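Shared between the two complexes below is subunit A, which has subunit B as its partner in the first and subunit C in the second.
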Partner chain A sequence: MTELISSLLRGVGTGSVYALLALGFVIIYKSTRVINFAQPALMLAGAVLVSYLVGPLGFFVAVAVAVAATAMLALGLERSVVRPMIGKPVFIIAIITIGIDIALRNVVNGFIGTDVRQVGSPWGLQSVRFAGVSVQERHIAMLLTALVIITVLFLFFKYSRLGLAMRATAFDQETALSQGVSVSTVFALSWAIAGGMAAVAGVFVASNAGIDQQIWIVALKALPAIIIGGLESLEGAIVGGITVGVVESLVATYQSDFAPWLGSNFSVVSPYVVMLIVLMVRPYGLFGTKEVQRV
Partner chain B sequence: MLAVRNLEVVYNDVILVLRGVSLDVADGQIVALLGANGAGKTTLLRAITGLLDIHDGEITKGSVTLDGEPIHQHGPTKIVNLGIKQVLEGRRIFSELTVDENLRVGAHTNPRNARQNIDRIYDLFPSLRGRERATAGYLSGGEQQMLAMGRAMMSEPRYLLLDEPSLGLAPLLVQQIRDLIVEINKQGTTVLLVEQNATMALSIAEHGYVLETGKVVMDSPAEELLADSDIREFYLGLGAEGTTKSFRDVKHYKRRKRWLS
Partner chain C sequence: MSTPASTTSQRRPQRLPGRPDMFTSYAENMRMLNTTPKRRSVAALVVVAVAVTFVVDDPTLQIFALGLAASIGAIGLNLVTGYCGQVSLGHAFFLAIGAYTAAALSGDPDGRTIGFGITNILIWLPAAGIVAGIAGILVAPLATRLRGLYLAIVTLGLVFLGEHIFNEWDELTGGPQVGREAAVPELFGFSFDENGDILTGDQKIYLLMLVLLVIFAVAARNLTRSKIGRAFHAIRDRDLAASIMGVQLAKYKTIAFAVSSFYAGCAGALLYIVTGFFDPTAFNLLLSVQYIAMILIGGVATISGSILGAMFITLLPPVTRELAQFLPLLTTDPSASINIFIVEGVLYGALIIGFLLFEPRGLFGIWLRIRNYWKAWPFTY
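For the complex of A and B:
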């Protein structure tokens, strides 16, 4: 029982990091109809920035600066590379973001080198115990951070002028324009928000075993998450992210006991299996809706 | 004064839709713009409000001026800030947002007076009062039209461009919308009213234009248009009700087709 609970908690912890990444994808998609495959590179860039800044600035200031810088970087990429492509088929823009991802990772890799860099997070691998259940500190930090970010995000979308403008644009771009909303501001803002959240996720991913040139792959966990949740739903991104984290963790904990014949690394594949099952039952994801046709 | 001069608009670089349109909207007036399906009424509004761009349309000749200053090179945000607001054809409310949120998006360029304007809108459209938190998509057609108009009024525009506000509404609601347009005008907003319901539009307008395949074919005071035999035949019909209805059916069909393609 305690094993189950701590496995679940681990899953919710990593899952909330996936949720942050998935939210980035969904926010950009909703505003611009582009799937931004450069998210992994942005995540990596954020983490690497922290690893350089943590010495002089200390962890928390370093994270704040890196989040702001990554947000600016994402905004700059949108302005310079993606914006001129508006009007081109969505498929082509998606490919361009893959190009951005590869190029940016190449640059960032130069700053990683062959060593493993550390972000110096105050939450190590040490565990705390509640009622016999042990949880790593960093998993608690992940969950709390994600909760705070998600709360702020929802308040932003619900009450702020720009947040409302983003929702309006997501729903009907021409009508938003007719109300004087600057759609280019909305595009830029959505990239900036997604970039900032990717940086936060990067810090947590790196707080496990440090930064090497491979950690960007973790960002791809957001893909089954958004497909499980539905590409257009913020709630879906959160539920999808947590689901992926929990499934992975449970499979990692129990699969060797119950189904050893699946091989030793099945937990890595398991989110995709869940994704396939969800797609078979609900083709638009758990929270997705078939596009409403306006007449 | 809002003035359109010799305006030519082309879609997709090849489709010439407006062919030298001129039109004046003097401050304080209600001006009606009539015309059959595809005449170019909506295109003219888009040209004024900077919305051609996203339809891959372009002004190739002529000008739009506001108090003598050319404004046709401006984007939609600038145009709204200059006090010109368009209510798009088909209401286009944000149906997933609440009534209140719809109005607040309307206040995007004018957030300072939002609270006070929201109250003003609820006074003007009492049927929206009490529905502040309702999801806008669940409002009735008439209420949605009112919301669309109220949303536009949130920025306190000088000019309100209405694109077929009576479309698809029952006769009683058409009356109501008509009275509201008069009220909005009385409170100081100049109105350019695009309509296929010519009876309704001409009954409240000072002046009317008739657009036909991208050209202004008539430009007269409203009462002259009402008396004109061609207008009577083409737009007012014999038993007005019956014909306007079938007109709408045709239009409805056309619209579906255009959006599907």
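For the complex of A and C:
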């Protein structure tokens, strides 16, 4: 029983990081209708920046600076590469973001080198015990951070002027434009928010085993999360992210006992299996809006 | 042709001198090489391609052979993504299925990995294509249910699942970092990969790839100008409109995936006979992205563009490595901060972005521009 609970808690912890990444995808998708495949590179860039800044600045300042810098980087990418393509088919823009991802990731890899870099998070691998269940501190930190960010984000969307503008743009771009909403600001802002959240997620992803050239793969786990939740749903991204985290953690804990024939490390690909099953039943995800086609 | 017009024109339709774009019959317009310059230049290209066998040294020939095999795969991806508009990031998965089917069929029965000892290329090549094609048909129902980016992400998931399966199934694949031998190219006792009296192994493999590519390219070109090809175009441009006009979406999307996967399977089977060895970690997301890059850089919805793009992407790493000798900053030492692999990666990304931003029609578009310039020369248009 304690094994189950600690596995669930681990899942919720990593799941909340996936949720942050997934929210980044969904925010960009909602405002620009593009899936930003450059998210892994932004996550990696944020984490690597922290690993360089943590020495002189200390962890929390370093994270703040890195989040701001990654947000600016995302904004710059949107301005320079994605903006000229507005109006082109979304597939083309999605492929451009793949191009950005490959280029940026290789540049960042130059700063990683062959060794493993550490972000020097204050949590490390220590765990605390609640009623006989041990939980790693960093999983608690992940969950709390995600909760705070998500709360702030929802308040921002609900009450601020810019948040309203973003919701309006997501609802109908042309109408929003005609009502005086600066759609280009919304585009830029959505990229910046996604970039900042990717940086936060990167720090947490790296807090386990450090940064090497392979951790960008983790960011792609947000893709099954957004598909499970539905591409245009913020709630869906959160539910999807947590689902992916929990499924992964449960599979990692129990698969070797119940289904060893699936092979080791099956937990890594299990989110994709869940994604396929969800899509078979609901082609637009759990919370996605069904597309109505008009001729 | 049973139209009245064709009954009167038993002889070849009249070509007007100096009017290469003037066609007097539909069949003439739809011909694969519908102008004399096209016929001549294609013939010249084939002659050059064959002549290359005897001019270029063997290591370079190996790279060319890889490019030719990759071209078959790129044509396959272009059929489903370029012509039919179904974005597939799962091409690596189908390449892998083809590669392992061929390798298993022709492998050594007493070897470390699964093998049936059927080394005849006429058996393992179609088998690789058919098994991959069946996998494509199994994936197709997803394509009929999903659209656009949903489909892209699902096919991306396919690559991850496939990578896991191939990494774990080490009786078939030899396991990660170990690998297994590729298919054995042999035709009724004639071996393509061993040095012969007249031709070396590499020369024979190069010629084999060339012949196969011509066959596959002509077949694909024919498919695209048939009823099926027109259905693909209609689905790409607007699937809803296509279905209202009577194009059965499910049927044609299934055909697109099946044919594309067939091409991918054959390409996968052929790709690794050049190097003779491959391991399951090769079939990752990057491979899929490389194929997407091939068709985007070459030219979406063109067969010759697919070949251009595949050659370009295949030649990129060796060329950048050559470049490294002339630039002092670049090293091949992987521990240095600016090494050749990083430059190569950045170049990939930059090329994809650059082509999409500035020349969305790819290398084929550049060729069209050059051609149109000289067509109208000395006038600007």
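Methods note: the second predicted complex is superposed on the first by the 291 of 295 C-alpha atoms of A that agree within 3 Å, B and C clash if a C-alpha of one lies under 4 Å from a C-alpha of the other, contacts with A are read in each partner's own complex, and residues count from 1 in each chain.
We adopt the following convention: a residue touches a chain if its C-beta (ideal position, glycine included) is under 8 Å from a C-beta of that chain, and two chains touch if they have at least 3 such contacts.
Computed from a predicted structure; not experimentally measured.
Participant: Could you look at A:182 and tell me whether it touches subunit B, subunit C, both or neither (first, second, both, neither)?
Facilitator: It touches subunit B, and subunit C stays clear.
Participant: Under the stated touch criterion, which partner chain does A:167 make contact with: subunit B (first), subunit C (second), both, or neither?
Facilitator: After superposing on A, A:167 lies in contact with subunit B but is clear of subunit C.
Participant: Output check: A:83 vs subunit B and subunit C. Expected answer is one of first, second, both, neither. What do you get?
Facilitator: It touches nothing on subunit B or subunit C.
Participant: Is the number of subunit A residues in contact higher for subunit B or for subunit C?
Facilitator: It is C that touches the greater number of subunit A residues.
Participant: Should A:279 be classified as contacting the first partner (subunit B), the second (subunit C), both, or neither?
Facilitator: After superposing on A, A:279 lies in contact with subunit C but is clear of subunit B.
Participant: Once chain A of both complexes is superposed, is A:227 in touch with subunit B (first), subunit C (second), both, or neither?
Facilitator: The second partner, subunit C, only.
Participant: Can you list the residues of subunit A that meet both subunit B and subunit C?
Facilitator: Overlap of subunit B and subunit C footprints on subunit A: residues 295.
Participant: Within the complex, which stretch of subunit B touches subunit A?
Facilitator: Interface residues on the subunit B side: 49-51, 54, 56, 76-77, 79-81, 85-88, 90, 92-97, 101, 104-109, 111, 151-152, 155, 252, 255-256, 259.
Participant: Taking the complex as given, what residues does subunit C use to touch subunit A?
Facilitator: Checking each residue of subunit C against subunit A gives 87, 142, 145-150, 152-154, 156-158, 160-161, 163-165, 167-169, 240-241, 244, 285, 289, 292, 296, 334-335, 337-339, 341-346, 348-353, 356-357, 360.
Participant: Quick one: in the complex, what on subunit A touches subunit C?
Facilitator: So the residues of subunit A touching subunit C come out as 35, 81, 84-85, 88, 90-92, 94-96, 98-107, 109-111, 113-114, 220, 223-224, 226-227, 231, 262-266, 268-269, 272-273, 275-276, 279, 283-284, 291, 293, 295.
Participant: Can you list the subunit A residues touching subunit B in their complex?
Facilitator: For this pair, the touching residues of subunit A are 87, 161, 164-165, 167-168, 171-182, 292, 294-295.
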